[in-house]
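What follows is a pair of complexes built around subunit A, which joins subunit B in one and subunit C in the other.
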Partner chain A sequence: MRPYLLSVPAVLLIIGILYAFFYGVYYTVLNYAATNPTPTFIGVDNYRSVLGDTLFWRSAGTTLLYAVAATGLETVLGVAIALLLNRSTLIGKTFERLLILPLMIAPVIAGVIWKLMFNPQFGVLNHVLGLGSTFDWLSKDRALASTILVDVWIYTPFVAILVLAGIRSLPKEPFEASDVDGANWFYMFRRLMLPMMWPYILVAVIFRFMDCLKVFDAVYVLTAGGPGVTTTTLQIGAFEDSITNLNYSRGSTYMFLLWIIVFITARYLVSVLGKAQRRAAGAGA
Partner chain B sequence: MNEFTRSESGLHVPTKKVTRRSLLAAMGGAATVPMLYGCGVGTGGGGGDAGKAPENGASAVTGSFDWKALKGQSIKILQTPHPYQQAFQPLLKDFTELTGIEVQADLVAEADYFTKLNTELAGKTGAHDVFMTGAYFIWQYGPPGWMEDLTPWIKNSSATNDEYDFEDIYEGLRTSTRWDFEKGSALGTGGQWAIPWGFETNVVAYNKKEFDARGIALPETFDDFIQLATDLTDRSQNRYGVAFRGSKSWATIHPGFMTQFTREGGKDYTAEGTTYTAAMNSDKAVEFTKKWVDLAKNAGPTSWTTYDYPQCTGDLGNGNAMMVYDADSATYPKQKAGASAQAGNLAWYPGPAGPDGSYATNLWTWSLAMNAASKKKQAAWLFMQWATGKDAMNKATASTFADPVRASVFDGSFKQTLGGFPGYLETFEKVIDSTKIQFTPQTKFFETTEDWAVALQDIYSGADAKSRLDELAKANTTKINA
Partner chain C sequence: MASRFARELTPGQKRVTPGSVVADLGILAWFVFSLFPLVWMVLLALKNDAQQTSTYFQFSPTLANFGTVLSQRGQDLTSVDFGHALLTSVLNCAGAVLVSLVVGIPAAYAAGRWKFRGSEDLMFQMLSFRFAPELMVIVPLFVIYNTLHIFDTKLGMVWVLQLVTMPLVVWILRSYFTDLAPELEQAALLDGYTRTRAFLTVALPLVRPGIAAAALLAFIFAWNNYLFPLILTDSAATTVTVAVTKYLGGGGQAYYNLTAAAALLGALPPLVLALTIQRYLVRGLSFGAVKA
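Moving on to the complex of A and B:
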């Protein structure tokens, strides 16, 4: 058997993925909707319509804000937790196992749980925090922050576990040498650990940032994009066009534009990761 | 044999290089095949018959009617967990006994039900032969040909039992499930796209025990209703006046809001021939909307913008909400013994009348529809006529099946169950003559009505009611006439 035949399953898989992708792209130049099941070619009209819609730009801004805030918080908290768990105490090891629990809950289920906890009438949060029955976590002013809080709750453990794995793979010699030279913990963290950990942190950042740009499930369950359009992300906009309004071509256009945003962002972050990896290799040598 | 070497990254890669250009060319070629195939726009899996409704299957059924005609077949039905579905689940074996047809009922939670249904019907696979639907969905699913017109089935005596008695179903419900999909046409024209199964009027359920203890009289006008709800609100006791929906969904508009909106003289659209003009920004509409939103702020649930009917009825059952303005059949189960903390303490009344005494009420009807892509249409129709027939409906009313759609069942077995439901029957009888779909039928219903809910949320969050409703009306007029 010729060796290249081994790649046939992978090629078929790629064709399967590309088929759906290009079919979706093809829809963007049609006017296909449930109310118009015999579509015709309309060129760039869908792009003009979506890009000329203020809701699209507002959703893009909300998505970006969500992604930056959630990724930032998860990274800072994740690194901090990883540093704490790196101490091999019994408590540390117990927390290490407990930490994975939020990751085992589907985001949509987490959304439902948090929606119940946020409820001012019977939710546990207001009761425990003594906020009474008038503090609304999902009001216009707080809804975005609350959805970010849920994201942080679900995914900070992911960052922590990834960074913890990175810390444990670092060489011990530079730290032992610094210790002998009398360097304090903070100096070692800043000058040795952090530069060598950057690639791991960046991998976590890339994963989380990409995921946040595509956020849908937990936000949809919590607020459906409301109040008003306060938490409407690009994915929710695409869902409403495609599924609620059955306007498949407009929804596909929304999704394709989101794909372009994610693709460009991913390319940039991967190039940053490459540079960090090269720098870390130097720092670790 | 190819040569392999070790790369800097540690991976084994072949030494013969595949250039980016050649890779892209290969991938592009592979992708072009389905794209060219796709030029026929095989919409929704329907292939080349896009937009064409399948043949109506009723004419193929001939001979005398026989419940056992398709003994040994099986059908699949798609349902959402609901008191109606729960009441019928134990009865499915009766249908199998009667016909010899097995029924597989698949359940999808209501929050995701129509998403599932949309995608399945668009796919035209015919995976489910019968599905639960609401009347508004006919306006969306009918035009693409996803639903079977049931008129030929009802009229075909070979397919329909003589005792079926379609006319026994309330007229307002029969007409609410008929439309010809033409702009400007009223409901009641065109095909019969679904058979009403259970329905609900939108009225007020209240905590009678609390009302009696305090000697509270039921408010007859909307202003009195607002005042009472506000007086009943005591946030320090985690108690508030009235629960009604506020989530970002079309479903926020249709129950209490649309009912009271209509009673106060509001209209969603005015029609001139085939041109509609949005009227949700009329003076009456703006005044009512302000009052409704203020009611939500001052006497509604704190987290109003996330409230759907389960939260509303949950708060009534728990004793947090003193009233609920929503579907009567949604509050009905809370009165059943053991079903809620306030079971036995609840009662019903029609809610405030309009300034002219109007009790106009918006209705919702869960109906059964046949998938136009079904390959077992005759068996599907046998199931539908059994489920919407007198015998099965009479049996279902013994559990949690509220508001049967048949006058004979409502006046017969259902009335016998209402002894422990103070005011339920009187309320029903007061509003039933003015109960109908108060919306203008139109194919962009869900999009434009969700936009209406978004506008309510914006006003709740501080936007000026008049300018926000003007903006909404302008956008909706454009969308609906596009």
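Moving on to the complex of A and C:
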């Protein structure tokens, strides 16, 4: 009985939010909008409208591209930084404390900072990199890549921190044992280190991928989804429907579909993580 | 070769080798990329109006921009009272953290100590909140807030920000409670302590570092939230993150130096917190995530 009692306050707060959540789901079967304050039941029309909309699929594609590219880059860079920090003799100790700084800045403020730097005329990037005043970081062709760059700047430290924590918790014995057995470094890296580190890397990948699927803050400040719809991610598309165009039902439908995607992906990745953790426990023992 | 690899992977005796020099250079390259935007923000915030569009590094610095951002002139330019937004952010986040500690600590203790029916589901629900798109609940909340008359109030912000902070608190603290040997409390029970008293006098003080880490991390996450205050506040309870974006303006007149000063003021509290509690923070971050 006691654990239930202790959880009651937290559960009550969750129920408060669940109420709002289910209300949001309820909106998806109405035609609720600012222009229509007395909504009526319209069944699956919103779903039909959203799923039949090329912009929805385009946003989904943009979101997936963003999530895969950002998560991939952050994982590779994060693992590399963790390995380098672990090896570094002189500089690593000094800088390790500063690693976390971009991660602590609000993504929206990071967006503001990069927006200032991206400016073709007055921004510092074109000046320092010698690109001239015609190179536009947020042009049609480059905007998505630039927003991914900002994401990499903010979140690579997150991956690096998790992986570094993983490296530091590795037991020494398996490495020494295989050393005695005469294993080469590649074998040790591939057969010992990577399997034991995999859960840490996977956790970082899961957190980053999930967050990327619902990316909003920095991208909204940098491009507001533009130019055109080149950086319109799912949550920005939903924002435009719900908040800009005040079509609450359509925006909610957008979001509910995103929520389903995120929920299924999360369930799947968490089960993958469980397997990886059990396997790593085996490899470490 | 092999033995060197083993040594490099594990902490302990380190020597300067060609490999470590390459590692140093790689780290240096990352930190130039990582810290340059922050350094540039500081420089830009110290420039006067005439220098703001120059991209040079040499100039005579002024602190006037910070004064402008916090004064009536900044308010006239952007129609947001930045000083008020700063204060509101502090109060909102402190409130949200307090609420999530009060309800989160018992829940984390329950989940860390006992495996009970639904405990794993409850934990997964918590995690799924972490991943839920905020917009899904914002429109209904907007309606509910107007009905309850808590739109654009600090109370309303505290209630919605704990949505961000509580899962974090529970996730981090659960692992601290799991790591705590149950024998400690059992010994207290044998001494005639009640369960509650054993928890309060034995378990709770031992996880104090965890509570500090969770609270500060939660504070930073609440501080950094953007969508909730953007939609659920107007002016009375607006926060720093919303206020900073006002300085980007629509176009036409640019206030680069003021924007940088505002961005810096808005980022400073989390940055200072992060640097002072670095050790706990990293542990909290990796615990909250890894021990899932």
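Following the convention adopted for this analysis, the second predicted complex is superposed on the first by the 268 of 285 C-alpha atoms of A that agree within 3 Å, B and C clash if a C-alpha of one lies under 4 Å from a C-alpha of the other, contacts with A are read in each partner's own complex, and residues count from 1 in each chain.
Rule of thumb we're sticking to: a contact is a pair of C-beta atoms (placed from the backbone, for glycine too) under 8 Å apart; a residue touches a chain by one contact, two chains touch by 3 or more.
The shown structure was predicted, so the numbers you read here are calculated from the model rather than taken from an experiment.
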* Asked: Which holds for A:37: it touches subunit B only (first), subunit C only (second), both, or neither?
  -> first
* Asked: Just subunit B (first), just subunit C (second), both, or neither: which does A:121 touch?
  -> both
* Please indicate which partner A:172 is in contact with in the superposed arrangement: first for subunit B, second for subunit C, both, or neither. => second
* Using the superposition on chain A described above, determine whether A:24 touches subunit B (first), subunit C (second), both, or neither. => second
* Comparing subunit C with subunit B, which touches more residues belonging to subunit A? -> C
* Partner chain in contact with A:210 - subunit B first, subunit C second, else both or neither -> second
* **Touched partner set for A:138, first subunit B, second subunit C, both or neither** => first
* To do: Take the contacts of subunit A with subunit B and those with subunit C, and give the residues found in both.
  => 3, 11, 14, 19, 21, 23, 115, 121-122, 243, 248
* Structure fact -> As the complex stands, subunit B meets subunit A at residues 1-2, 27, 30-31, 34-35, 38, 41, 43-44, 46, 50-51, 115, 118-119, 122, 140-141, 143-145, 235-236, 238, 240, 247-249, 301-303, 305-306, 311, 315, 318, 320, 443-444, 446-447, 450, 454, 457-458, 460-463
* Structure fact -> Per the touch rule above, subunit C residues touching subunit A in the complex are 1-6, 8-11, 14-16, 19-20, 23-24, 26-28, 30-31, 33-35, 37-38, 40-41, 44, 52-53, 55, 99, 102-104, 106-107, 109-111, 113-114, 116, 119, 122, 124-141, 143-144, 159, 162-163, 166, 170, 195, 220, 223-227, 231, 240-241, 244-245, 247-248, 254, 256, 259-260, 263, 266-267, 270-271, 273-275, 278, 281-282, 285-286, 289-290, 292
* subunit A to subunit B touching residues, read off their complex -> 3, 11, 14-15, 18-19, 21-23, 26, 30, 32, 34-35, 37-39, 115, 118-122, 132-140, 222-230, 240, 243-246, 248
* Structure fact -> Per the touch rule, the subunit A residues reaching subunit C in their complex are 2-4, 6-7, 9-14, 16-17, 19-21, 23-24, 27, 77, 80-81, 83-92, 95, 97-110, 112-117, 121-124, 127-128, 153, 156-158, 161-162, 165-168, 170, 172, 175-176, 178-179, 182-185, 188-189, 193, 199-200, 203-204, 207, 210-211, 214, 216-217, 221, 234-235, 238-239, 242-243, 248, 251-252, 255-256, 258-259, 262-263, 266, 270, 273
